[in-house]
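Some notes on the structure that comes next.
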Amino acid sequence: MNFSSDNSYGAAPEILAALGAAAAGAVPSYGDDDVTARVTARLSGIFAREVAVYPVITGTAANSLALATLSPPHGAIFCHAESHIATDECAAPEFFTHGAKLVPLEGHGGKIAAKDIEAVLPNFQRGVHSSKPSVVSITQITELGTAYTPAEVAALAEFAHARGMTLHMDGARFANALSHLGCDAADITWRAGVDALSFGATKNGALGAEAVIFFDKDKAADFEYRRKKSGHLLSKMRFISAQLDAYLTDGLWLANAARANALARKLGEGLAAAKGVTLAHPVEGNQVFVHLPDQMVRRLREAGAHFYDWAPSADGRTLVRLVASFATPEADVTQFVELAGA
Amino acid sequence: MNFSSDNSYGAAPEILAALGAAAAGAVPSYGDDDVTARVTARLSGIFAREVAVYPVITGTAANSLALATLSPPHGAIFCHAESHIATDECAAPEFFTHGAKLVPLEGHGGKIAAKDIEAVLPNFQRGVHSSKPSVVSITQITELGTAYTPAEVAALAEFAHARGMTLHMDGARFANALSHLGCDAADITWRAGVDALSFGATKNGALGAEAVIFFDKDKAADFEYRRKKSGHLLSKMRFISAQLDAYLTDGLWLANAARANALARKLGEGLAAAKGVTLAHPVEGNQVFVHLPDQMVRRLREAGAHFYDWAPSADGRTLVRLVASFATPEADVTQFVELAGA
Amino acid sequence: MNFSSDNSYGAAPEILAALGAAAAGAVPSYGDDDVTARVTARLSGIFAREVAVYPVITGTAANSLALATLSPPHGAIFCHAESHIATDECAAPEFFTHGAKLVPLEGHGGKIAAKDIEAVLPNFQRGVHSSKPSVVSITQITELGTAYTPAEVAALAEFAHARGMTLHMDGARFANALSHLGCDAADITWRAGVDALSFGATKNGALGAEAVIFFDKDKAADFEYRRKKSGHLLSKMRFISAQLDAYLTDGLWLANAARANALARKLGEGLAAAKGVTLAHPVEGNQVFVHLPDQMVRRLREAGAHFYDWAPSADGRTLVRLVASFATPEADVTQFVELAGA
Amino acid sequence: MNFSSDNSYGAAPEILAALGAAAAGAVPSYGDDDVTARVTARLSGIFAREVAVYPVITGTAANSLALATLSPPHGAIFCHAESHIATDECAAPEFFTHGAKLVPLEGHGGKIAAKDIEAVLPNFQRGVHSSKPSVVSITQITELGTAYTPAEVAALAEFAHARGMTLHMDGARFANALSHLGCDAADITWRAGVDALSFGATKNGALGAEAVIFFDKDKAADFEYRRKKSGHLLSKMRFISAQLDAYLTDGLWLANAARANALARKLGEGLAAAKGVTLAHPVEGNQVFVHLPDQMVRRLREAGAHFYDWAPSADGRTLVRLVASFATPEADVTQFVELAGA
């Protein structure tokens, strides 16, 4: 029973198979191959718009390269205090942007809103003394398992654009969000005003494959140079692209996400029914944030369950995070819920 | 007939198979898995010494992270003027080191020697005005297809260490070098004084897998932080490690390199016998640098051959580079030589 | 009536005179001159310890260079949310450190305490995913006009050192602090555990002169290279050193600070007696933070007074900052207090 | 007899006097003062065009900030192999530009020409693998004491602009160049195609004052943010501006340069007449590069003369550099020449 991370699981068989298929023959290096071109075409279709697509191998690289393209070294980037870019990337965005300032904002359920930015904005409007407001970055599914609605995204985009800022979306769990929202990919991105998207695949079945997508190619500017200069341009690019290609074929990405989301919902509902248990946030993706009695936490761990404490125990309960993936055995979910309810 | 780069070819079947095997089950992320531990054990065995091993996905990342660990921002790094770090990585080392100075040195056959560094060293011994001599970086097989002997490496190491510098080896084609030299891996690295090695696998059969190896763990210092901060720590590390693991199993790495080297030798010998053709450098790895009559170059390209011009045509001949890989069809070599001789 | 900043006033006549005296003759460049040596000797005397002294020309340079010497690129630096390094330097520390993370902490009166750091420390103890706790930075006189006591500094130093961190003090108004505390310079710095001090002179009578002081020379490491590489090593160093030399001669630095502090106290006491006025913080240096009725604020500005609003008006009053300097005319203070009381 | 550097001498009395005059009263900080505005007006007059002017305190800062404004992190900057930015600034440009590549070019007399750049340009036109040609940087007076003519500058500018590059001029000794050329300041800068100029004053009589001048304000872009972020925005800016203001008043800058140039010419002519002496380069500014017999070098040093060896002794002679400044005593020149001829 491993619910510690969607990264703990391997890779989807369809994606593994695609690697073998891609291995044949001699093809141009560094992305000038047919598979890479096909990925761009697929994503342009999915987003109903010609998009600029740049495959990379980690979410940290995707986010940092996107932010470095959108923000000058003297820029301020507004994000949630618990966002991955602010807390889990060892200040990689500060490295890639050459010293931009990430401004951590509190916000319920992992979300930020225009009013949160507005409250601190005057601190960043003092000429050269303060970093210049440049980017708003949000995470979709948030780090607390909730999803921004198209209207919420649009409100942030409008606020950002009106002040000369751009909107970046960390979509490490973008497929889970789309599966939950049931809207078109375009509705929750460029139609709502998103300028750049870190489109994740690794957590949802790839071995290691993400794509940075710019909806306005002009904003991509010097992205390709930054990718090369940071060691993120793969010589045998076909193998990253092949993962993305298989991921986007026949709806695999949405099927995987739907499965993970369903398991998370089942976990959430099952646990919520147990005594002393309260969900901390609505389960809108594949993550469950739940307050469990400390005794229950011990019992579950003794039974072999893996998961993270999200906060230290308080009042006899611990806030834990449980993550379901495309490959989590359904039996594990059933067993976990039963153990909790016992 | 594709001789443009060893990157043009796909991946060895053994390595592809290993990915499938590694995909099963839930395992710890970020390198705390068994496969990654096994790679370190294998390399410690191969190098006859306990080594620190850090898998990454590109040679540029391997080189840049190694150099940033060895050189301060105000360091000078001495290397050949045609080295990959100096000419092919978009100044990635300068980015990772935060502004170190790469000092390009001319040297016959892609090699540098102590006397080449000595000649410019006074320029870098003027206190804080000049960058501080910190690292000597050499490439094994060099960018011109030649191999440093253990004695040559030892002489450089002695020179570097005596002046407070360390020695880095870019081993993008390390297996080809070892196959040519016929010595132990230790003889051409730490026994000769190498401090850090970029151990390449991508060009020789992996999809995308390199390892930075430190022979003295203390010198690795904060490598792991730098890898994370630059987006080069993979969550599903097992998939990079699985490539390296298969690469090192049953001598696959050396067999692949021996095959590529043999094809290159065959190319070199075949071409050298043709009229008007001269080898520019001895063929000691899987690269052939050869002066071909311009007419022959045109004829070969018209027949479908791919390769790079290394320098513009002069006196009716062009210096071209031909690269053989683990997967280059032998028939292509035969055909190419026949066309050249026709 | 200019109370907007201590930077608004010019330079002390003794310091101006010293520039003329220093201009004669040909002397070695870049700090190898006698005046610079004398400054180090003077500061070693004042701090009762042999110290390493590096003159620079701005507080931002002093702070950033000190922090870059103490923190690796992957370091976390704990500081007050309103500290100069966090809010007024356009993320210069992030630039000089190559991407360290400044962690802004709330704390009463501009001060932080061990418990404030302890509360967030677990977020920075997650291996390479989070920035590594490296430096605690405090400001003496704080940005809110209060002074750390030796005991408060010692408690922070003990906490920091026990966790492998160092303690930096931004002493842009160090003389004002010393004048208030009445202790020895050593008591509030290295005897209390401070590792590096940005020793300010600009705000207190110099044209532009600060000194970074390391109490343990070994910790200074590569400071000199960083200073040169960032363009902060002056060829005619004697002119910065001459300012510091005069500043430290015959107690000018403490006399200037005592004067500014006395004016600030007079301002604070005078205003506190006026109707509707409340001091926000005790006046322990040369800054006064005070809630003034909005009507009074308007009246004072109409009469020609210059000062900053520190926060927007709330409940009919505005928190303003008033700064007195070594050169503020006492009549201005008298007039301001009278106008407020009218 | 100190001919080691123009930095060895102090400051012009007119400039020292201006500091005292500027010290009075309370004025806005950070450059919003009248003196700073006056400097911009003066320079706009001198250059016969409205220019953007940014005072800083060192030549390294001026050059690095100008280059970082003109070049992206992935840019290539072409310069002479002996230029100050390439050899004397501890790779500061690489730090400020975040890793741009300085491309050192050989060229007679310290000058580069379009053909020198053209010869290496193909190495920088290989997509993202090589740094992108962005800036050509020349030094006026060159590091070898020669001056570019307007026609030479124009040819470089035309070459650069035609390839999407800009032209930067390091004018650490700009006044000396102008004095030699006898043309208008505009003729040798923007009329010849220069985009940005590091306008030096320190070597020619200031304590520490340079100005970065952009002839097209749009190209200045985010210069002000970069200056602040690197700690180079002075709070009491009036004291840098006052130096520049006095420097530009009543032709002081040109008078000082004319004096230094005349002394250098006298040195050069006097030495050239001595036995065994050869000038290495024409004396066009205030520097003399001359081959002196080793015996003569010893004799001069024994007599108390200070100067630098520019290259190690060869064939019994040493190439030395002698620099005259605005304040070098004429008697020292006379004595030096007499000693040489004795």
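Letters A, B, C and D mark the chains as written, and numbering starts fresh at 1 in each.
Here, a contact is a pair of C-beta atoms (placed from the backbone, for glycine too) under 8 Å apart; a residue touches a chain by one contact, two chains touch by 3 or more.
Model, not experiment: these values are computed from the prediction.
Homomeric contact chain A/chain B is classed as same-residue, with over half of its interface positions used by both copies.
At the far end from chain A, in terms of centres built from Cα atoms, lies D.
If each chain is reduced to the centroid of its CA atoms, chain A and chain B end up 34 Å from each other.
If you average the Cα atoms of chain A and of chain D, the two centres end up 50 Å apart. Counting partners per residue, chain B has 73-74, 89-92, 95, 98-99, 128-129, 225, 228-229, 233 as the residues that reach two or more other chains.
Only residues 73-74, 87-92, 94-95, 98-101, 122-123, 128-131, 312 of chain A touch chain C when the two sit together in their complex. Partner chain D is touched in their complex by these residues of chain C: 2, 5, 7-11, 13, 16, 19-20, 22-30, 56-62, 64-65, 89-92, 95-96, 202-203, 207-208, 225, 228-236, 238-240, 306, 327-328. Across the complex, chain A meets chain D through its residues 72-74, 98-99, 128-129, 132, 222, 224-229, 233.
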